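In the two complexes that follow, chain A is the common piece, with chain B as its partner first and chain C second.
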Partner chain A sequence: MSNFSIPGSQSTPAIDGDWDHGTLSMQGDSYPENSYELFQQVFSWVERFLLEAGRPLTLELRLLYLNTSSIKAMMDIFDLLEDAHHEGKPVAVNWRYDPRNERVAELAEEFKEDCTFPFAIVALDSATSTS
Partner chain B sequence: MEPFDLFSMRESYNRQQIMLCFNGPISRSLIEEIGNALRNYLAADHAHPSSAMDVFGVYIELTQNIRHYAQQKGWTETDASATVVVARNDAGHYVVSAGNIIEQADGEALLACIDELASLDKAALKARYKEQLRKPREAEAASGAGLGLIDIARKSSAPLQASLRQLTDGRAFVSLRAEI
Partner chain C sequence: MSRDNGELEELIKRQLADPDLREHPLNFTLGQLWFQYRELLNRMERITRMSDAYQSMARQRELSLAERFDKQLRQLEKVARISDRYQHMMRELNIALKEAATHDPLTALANRRPLIERLKAEMERSERLGHPFCVAMLDIDRFKNINDGHGHDVGDTVLIETARVMEAEVREYDLCGRWGGEEFLIILPESTLALADDIVRRVRGCIGQLKVRVGDEVLSVTISAGLAQYRGGGESYSGLLNRADAALLQAKRDGRDSQRLAD
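So, the complex of A and B:
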């Protein structure tokens, strides 16, 4: 129905929602002062996709540093996916990270703890060799 | 009038191994620009990517907390003044410190909160962090710097330190120090 794209900046991730393919990708750092403004748009898109598209949704993430307000906003998005999963809708997260920075994997791991849908945390080297 | 001489300032900064410091009104773009400089210094200093990210993260939470506080109080941009110092200590750890003007009562509450966090180990800090993350936004706003402080404590290798210096008009200056 509608694609959605926000270019990245120093403190905000590049975000692309592809309605036809059922993917939402986000990459980069996220530490805006007001994360709510930015993430509200992402939240609404995901919410609408899950309600209307009738197709699987996959989040392709290459996020790096997140400030605490971005973490809170991401948790809200993962909660949406969790609810959809309980309703039997296919959702998944692939979070790729550079293995030189284990903090990113730890961050992803803490989100994953609260999710029961497929949530892959993939070191970038192996990610590039398998794709 | 004080004689114009930056030498003693330089000596003092060198002695304290200060990499970067800032004092004055802090805008959103300044936080980003100083953050950029900090990342460059850390890269030049060959900091491990994880520890560089921790230092950067603590810097961001501390400075954004200061701006959020001033906004919450309806203070002007000039009132959102911060004193920020990034240094190394003798053990080679990075130390991020930040200070700002705060209402005396809020300062006392902040110190109590930091004291309490200091008594928690890493596992208890994580539990507290997750609990705070699950609180509704309004509750978070009311309690102020809740999540940010716990995040800073989790990234630190030693308990956070804080002090309060009383000023006039019911205000005080709070100093916070995190050792990564």
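So, the complex of A and C:
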């Protein structure tokens, strides 16, 4: 019904919400000047998708550096998914990372800690991990 | 309600209902009193019920507030923990980046950046304290022949081994780095030309004893070097390096495997 796309910049991730495929992808670094403004759009999209779409939702993440307010925003989004999961709605997260930087995987583990929905932390092929 | 009260109420109800007592002068008064008593009791029960309801509502509210507070607190702790780890990651990446920016990836020696920084610092120190310091430019003789004859892998191995020996043989406060190609620079603080001459001779000797095995063959290399002492009086670092370079060129012209001192 409504796709949603924000091009990435040096300090903000590229964000793409695909309503028909039920995917939301986020890629890059996140230390925006106004993270509330940026993530409010993401939050609203996810909220509306979960309410209206009646389809599975998958988050495809390739996030590297997150500043403190971005961390908070991501946790709020995961809370949304957790609530949806408890209502029996199918949701999942795939967090992909460059195996040359294992620390990103450790941080993804921290986010995963309180989530009971499927949350995969997957190493990228080094051939495709050019960013 | 105690048993006595219960018995009294039963007695009053019975007496009010007794037809023999209906004409009694106190019957009407007792009836009024009984009515008022029942009203008060009803009201009290209602108030108690309401107050209980309020109390349980407030309790619910308090519980949900405490729950929300706990949740926020847990979330805050988690945010802080993750944020700390991100900062830690950035710090480590910074260190790795600095290492990459200041060191030659092949030999792990300092590259030009820290060499020039150190040169400027030593020049200032020398001006201030009047202490002598020298630089030595070293070059592996006929390195192109090694690369062409045995391939770049062997050439790389020679560079790595040469760097290793050089770093092991200089004094702790000397700085050696890869200036480029097969050229190395050693900064020798607190040294006259005569002292630097001895140190560089020892370094060249040790590198000359290196043996790099290639198949059945054993390779060894010789080093030419040019040394210059800082003149002071506003000589630029490039001026100093040019003089060392010219001395190195002289050593090469004089047949290599030797070292020359700049004027």
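Note that in this section the second predicted complex is superposed on the first by the 125 of 131 C-alpha atoms of A that agree within 3 Å, B and C clash if a C-alpha of one lies under 4 Å from a C-alpha of the other, contacts with A are read in each partner's own complex, and residues count from 1 in each chain.
Just so we're on the same page, a contact is a pair of C-beta atoms (placed from the backbone, for glycine too) under 8 Å apart; a residue touches a chain by one contact, two chains touch by 3 or more.
Given the structure is predicted, the values throughout are model-derived calculations rather than measurements.
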First (chain B), second (chain C), both or neither touched by A:Ser11:
first
Touching partner for A:Thr68 - first (chain B), second (chain C), both, neither
both
Touch test for A:Arg103: chain B only (first), chain C only (second), both, or neither?
both
Please indicate which partner A:Asp20 is in contact with in the superposed arrangement: first for chain B, second for chain C, both, or neither.
neither
Greater chain A contact set [chain C / chain B]
B
Please indicate which partner A:Phe111 is in contact with in the superposed arrangement: first for chain B, second for chain C, both, or neither.
second
Which partner does A:Glu87 contact after superposing on A: first (chain B), second (chain C), both, neither?
neither
Overlapping contact positions on chain A, where the chain C interface meets the chain B interface:
65, 67-68, 71-72, 75, 101, 103-104, 110, 114
For chain B, which residues are in contact with chain A within the complex?
28, 31-32, 35-36, 49-50, 53-54, 56-57, 60-61, 64, 67-68, 126, 130, 133, 137, 140, 147-148, 151
Listed in rising order, chain C residues that touch chain A in their complex are 75, 78-83, 85-86, 89-90, 92
Partner chain B, residues of chain A touching it in the complex
10-11, 31, 33, 36, 64-65, 67-69, 71-72, 75, 98, 100-104, 110, 114
Please output the residues of chain A touching chain C within their complex, sorted ascending.
65-68, 71-72, 75, 101, 103-104, 106-107, 110-111, 113-114
